[in-house]
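Shared between the two complexes below is chain A, which pairs with chain B and chain C, respectively.
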Partner chain A sequence: MIHRPVRFSLLGLHAAAILVFLYLPVVTIAVLSFNDSTAFALPWQGFTTRWYARAIANPALLEAFRNSVLLGVGTGTAAMILGTAMALAFRVPFWGKSLVLGLILLPVMTPPIVHGVALAMFWRLNDVPLSLYGSAFVGHLSFVMPFVFLTIFPRIHRFDRSIEEAAMDLGASRIATFWRITFPLMRPGIIASGVLAFTLSFDEFMRTLFLTSQELTLPLFLWSMVNNDPSPQSTAVATLIALFSLGCLAVWTRFASR
Partner chain B sequence: MAGKRASSTAWVLPPLKLLPGTAFLVLFLVVPIALLLVISFWRSSFGGVKVDWTLVNYERLLSRPIYLELMIKSTRIAFTATVLTILVAFPFAWWIASKPPRRRAQLVFLVLIPFWTSYVVRTFAWIPLLGNNGVINYVLLRLGIVSEPLNIFLFNQFTVHLGLLYVYLPYAILPILLSLERLDRNLVYAAADLGATPFQQLRRIIIPLSMPGILGGTILVFILSISAYVTPALLGGTSGIMIANVIPDLFGVGMNWPLGAAVSLLLIVVTIAWIWLIGSRVGLRRIFVEG
Partner chain C sequence: MHQIDRRRILKAGAAGALLGGLTPGLGRGSALAADAVPIRLWLQSQWWTDEYAAACEKAIGVRIQNTTTANNPTTFSKLMAGGGRAVDVVQIAGPFIPPMADQGVLQPIDMSQIPNAKALYTDFAKPQYAFGKDGKQYGVPFVWGYDSLLYNADKVGPSDSFGVLFDDKYKGHIGLRDDAFFGLSTAALFLGKDKPFALGRRISRM
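Showing the complex of A and B:
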């Protein structure tokens, strides 16, 4: 018991240091994005929003934003449907279950660059040109789907099947039981997984780099900006991307906590 | 119990609901990786590959020291970064787990924010902090601690370790936290009552019971670190370059797909070895589904 206060204050100190570590860089670029200086560095030269004005006036950025959102919505929706279906299937025992589980975990454990390169080769050897809503969409979906499964599976596992059985005993068809009983009960979890899937797709970089041709997503846009023209405008773009992700997280929290 | 039930109905066919998702994963993950394996035994030709079975790519992989050296270096960096990440994450997760539920939820949210933010953004964020004209140098100069800006912070292996630790820390904190939340605190109190020192409690009770989370984090952080591309490209400079940084050239400008495939497979082999080494201790199912 004597050890306790000492141990906890050391832990608290460590935790405080970690929180500073996690937030210092992101807060730094957010602050620097308002600095009226042509270098993204200190000293502070006064407050300006011109980097934001310049970023928002850039049609290529808006295009990239639109691409990322559309790709994310497409990926999120498809992943939500396929992942939920797989999680529902996992409620019953069947032959080859652990093999299928291994398959579902495979995208999580495949190095992103290997997945991207392998898919790019796959399309090229089949003479399919790379495109955002074709090859990149497929790449995103095959990476994001397992996350939907992994977040919905525990919820479904806890789910009381006797409610469904009662509905069917009372004459509801399997389809009616799903839409009137199972789905409404799982809806918050499914929506939360869809938001997670959207964000994973929205933030995806490595696979997209290999799987798109001319059309850029937001992370690719930032990447080319940082590599070719690292002006303070890139700090504004980075801050905007971070803020958008934060918004997604807020939406996710609303549904995930139910 | 679930295991028993599974064995008595082991002959039951998988539900049809499983088909679209699994077919998609087989076609767009298993087949492409198998294709990568096949291509690594073909010859490179102008603008593509030629079906001509050969071991020349593996010979080149082993004879040109650059690939093997980079692979060993990447493995070393990933190993160090993973160990560091787990060591930093564990006490932090323990601290969060010991808070009352409301407070814990707020803290988890604070960890989720970076987890949800693009790692390109988060890696880039270090440049204005560490560069020659960066914030740290500015502060050091203003405080009179140094008279010239230090160029030791950016573009070296130290920065790569730092960047990997930073980007992947939430990937270790969250699974460890999940395991710790499930741990019955009464076991720890019982051990303390029976006279176990804090160190003994940690070593005999807390760490063994949170193993699934620790190993899950170990696997994820290592895989993402060993194949890191963005972090070494943005923060590593020439001395911090890792294996993933040479792969795009082989598929792009350099155009030697079979050699690129062989290098990618080398990366897969090391990854599998690591998963096998770690996963054989607990079982992947416990780590990712129950843990």
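Showing the complex of A and C:
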């Protein structure tokens, strides 16, 4: 039988190794972003914050950030509404339910580049020009819908319908029942799914590459920078993106655990 | 070691392509119309600076809007997937032009509408990589000469030939740009192959 203290330290070591393996690259990038050098590699040539100053003052970057945020908010909001509606609909049996479920989950299983190219070709065949709030928005929405649905649906499934029935017995209309009983109880889950949708949309790269023409989102901007600029500038931008995503994750955790 | 003709390699490295037609009115009129439709470009970031943009807009009198692209294969994929409908002028490396021209993704260019075309070096006036199978020209030479040899002067003596990339002395210490055209054609030149830019099936026997 294994002594408890020994088992504890083995598990701790194992956990530490996993965390290091996952986060050492990110930490390395963050460290290199303060490197006063012309290349984003060692040797270390002094500490500087000028890469961050330049990043924040870069109008193209700010515009890309703005595009990403607005697109993310739009995608998150639309996904929240549609996902909730879908999850509510799945409470009752209807014809083709498993087929619809399969279609909802399909974008998760499709490789991003296939999804992006297929959508781009679809818009082209229908003579629809590519745009940020058109083709890219639809692409992002179809990508985040499965995640939103899978977040909300378990909560709805666990929800006790007798509370709703009691409200309606007491004279509440269906809309009032939803708005004053069901929705407030589901709200943390809905908001969590909205934040998740926002983060997924914000970080989405491959589909967006094929679905925008004149606008750049932040991941596309970073991709262009990495390809054309060897300075630590791109590490600073990457670190800022990582911090922003961590912030979104913190918000999500707060709502998802309720 | 074969001396490689640097100019021949570099010349093949760049071109531009025109997607929508340039309007015949380009060049006429000196005032920028604030609400006019801008020319939409896809250029990589290093070719488009604010000073250049301002000078360009002033010279032709039309607003120019650039979206930075990352690299040639990405731009090529986007154009082939149908992304070209919303852009007017694209910058892409020369070898990518003939496949796109033959697929009908690009529009041919009327060089007589470009006043400065007369000033092009004769080597660049009608580059073979800018023509499609139909004999029309689809690309305007834009930039060349950006492939440079970088070496650590402490470890490598003065070098002026790409042949140093294939020197066994530096085995394991060479880095090449991720560009198939450059890598293969440079190797073919080094090996003394005939027609290094038109290797075809001989690639498998290099």
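As a convention for this text, the second predicted complex is superposed on the first by the 245 of 258 C-alpha atoms of A that agree within 3 Å, B and C clash if a C-alpha of one lies under 4 Å from a C-alpha of the other, contacts with A are read in each partner's own complex, and residues count from 1 in each chain.
FYI, a contact is a pair of C-beta atoms (placed from the backbone, for glycine too) under 8 Å apart; a residue touches a chain by one contact, two chains touch by 3 or more.
Values in this document were obtained by computation on a predicted structure and should not be read as measured data.
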Partner chain(s) touched by A:86 [first = chain B, second = chain C, both, neither]: first
First, second, both or neither for A:121, with chain B first and chain C second: both
Touched partner set for A:173, first chain B, second chain C, both or neither: neither
Touched partner set for A:25, first chain B, second chain C, both or neither: first
Partner chain(s) touched by A:214 [first = chain B, second = chain C, both, neither]: second
First (chain B), second (chain C), both or neither touched by A:112: first
Touched partner set for A:9, first chain B, second chain C, both or neither: neither
Most chain A residues touched (candidates chain B, chain C): B
First (chain B), second (chain C), both or neither touched by A:49: neither
Contacts of A:39 with chain B and chain C, given as first, second, both or neither: first
Residues on chain A lying within both footprints (that of chain B and that of chain C): 117, 120-121, 124-125, 209-210, 223, 226
Residue ranges of chain A touching chain B (in the complex, touch as defined): 1, 3, 7-8, 11-12, 14-15, 18-19, 21-26, 28-29, 32, 39-43, 82-83, 85-86, 88-90, 92-98, 100-115, 117-122, 124-125, 138-139, 141-142, 145-146, 149-150, 153-154, 199, 202-203, 205-206, 209-210, 218-219, 222-223, 226, 230, 234-235, 238, 241-242, 245-246, 248-249, 252-253, 257
Residues of chain C that touch chain A when the two form their complex: 40, 44-46, 65, 67-71, 74, 77-78, 81-83, 85-87
Residues on chain B engaged by chain A in the complex (per definition of touch): 2, 5-6, 9-18, 20-22, 24-26, 28-33, 35-36, 39, 48-49, 88, 91-92, 94-96, 98, 105, 109-114, 116-122, 124-129, 131, 133-135, 138-139, 166, 169-170, 192, 197-198, 219-220, 223-224, 226-227, 229-230, 234, 244, 247-248, 251, 257, 260-261, 264, 267-268, 271, 275, 284-285, 288-289
Parts of chain A lying in touch with chain C, wherever the complex brings them together: 60, 116-117, 120-121, 123-125, 127, 129-131, 209-210, 213-216, 220-221, 223-229
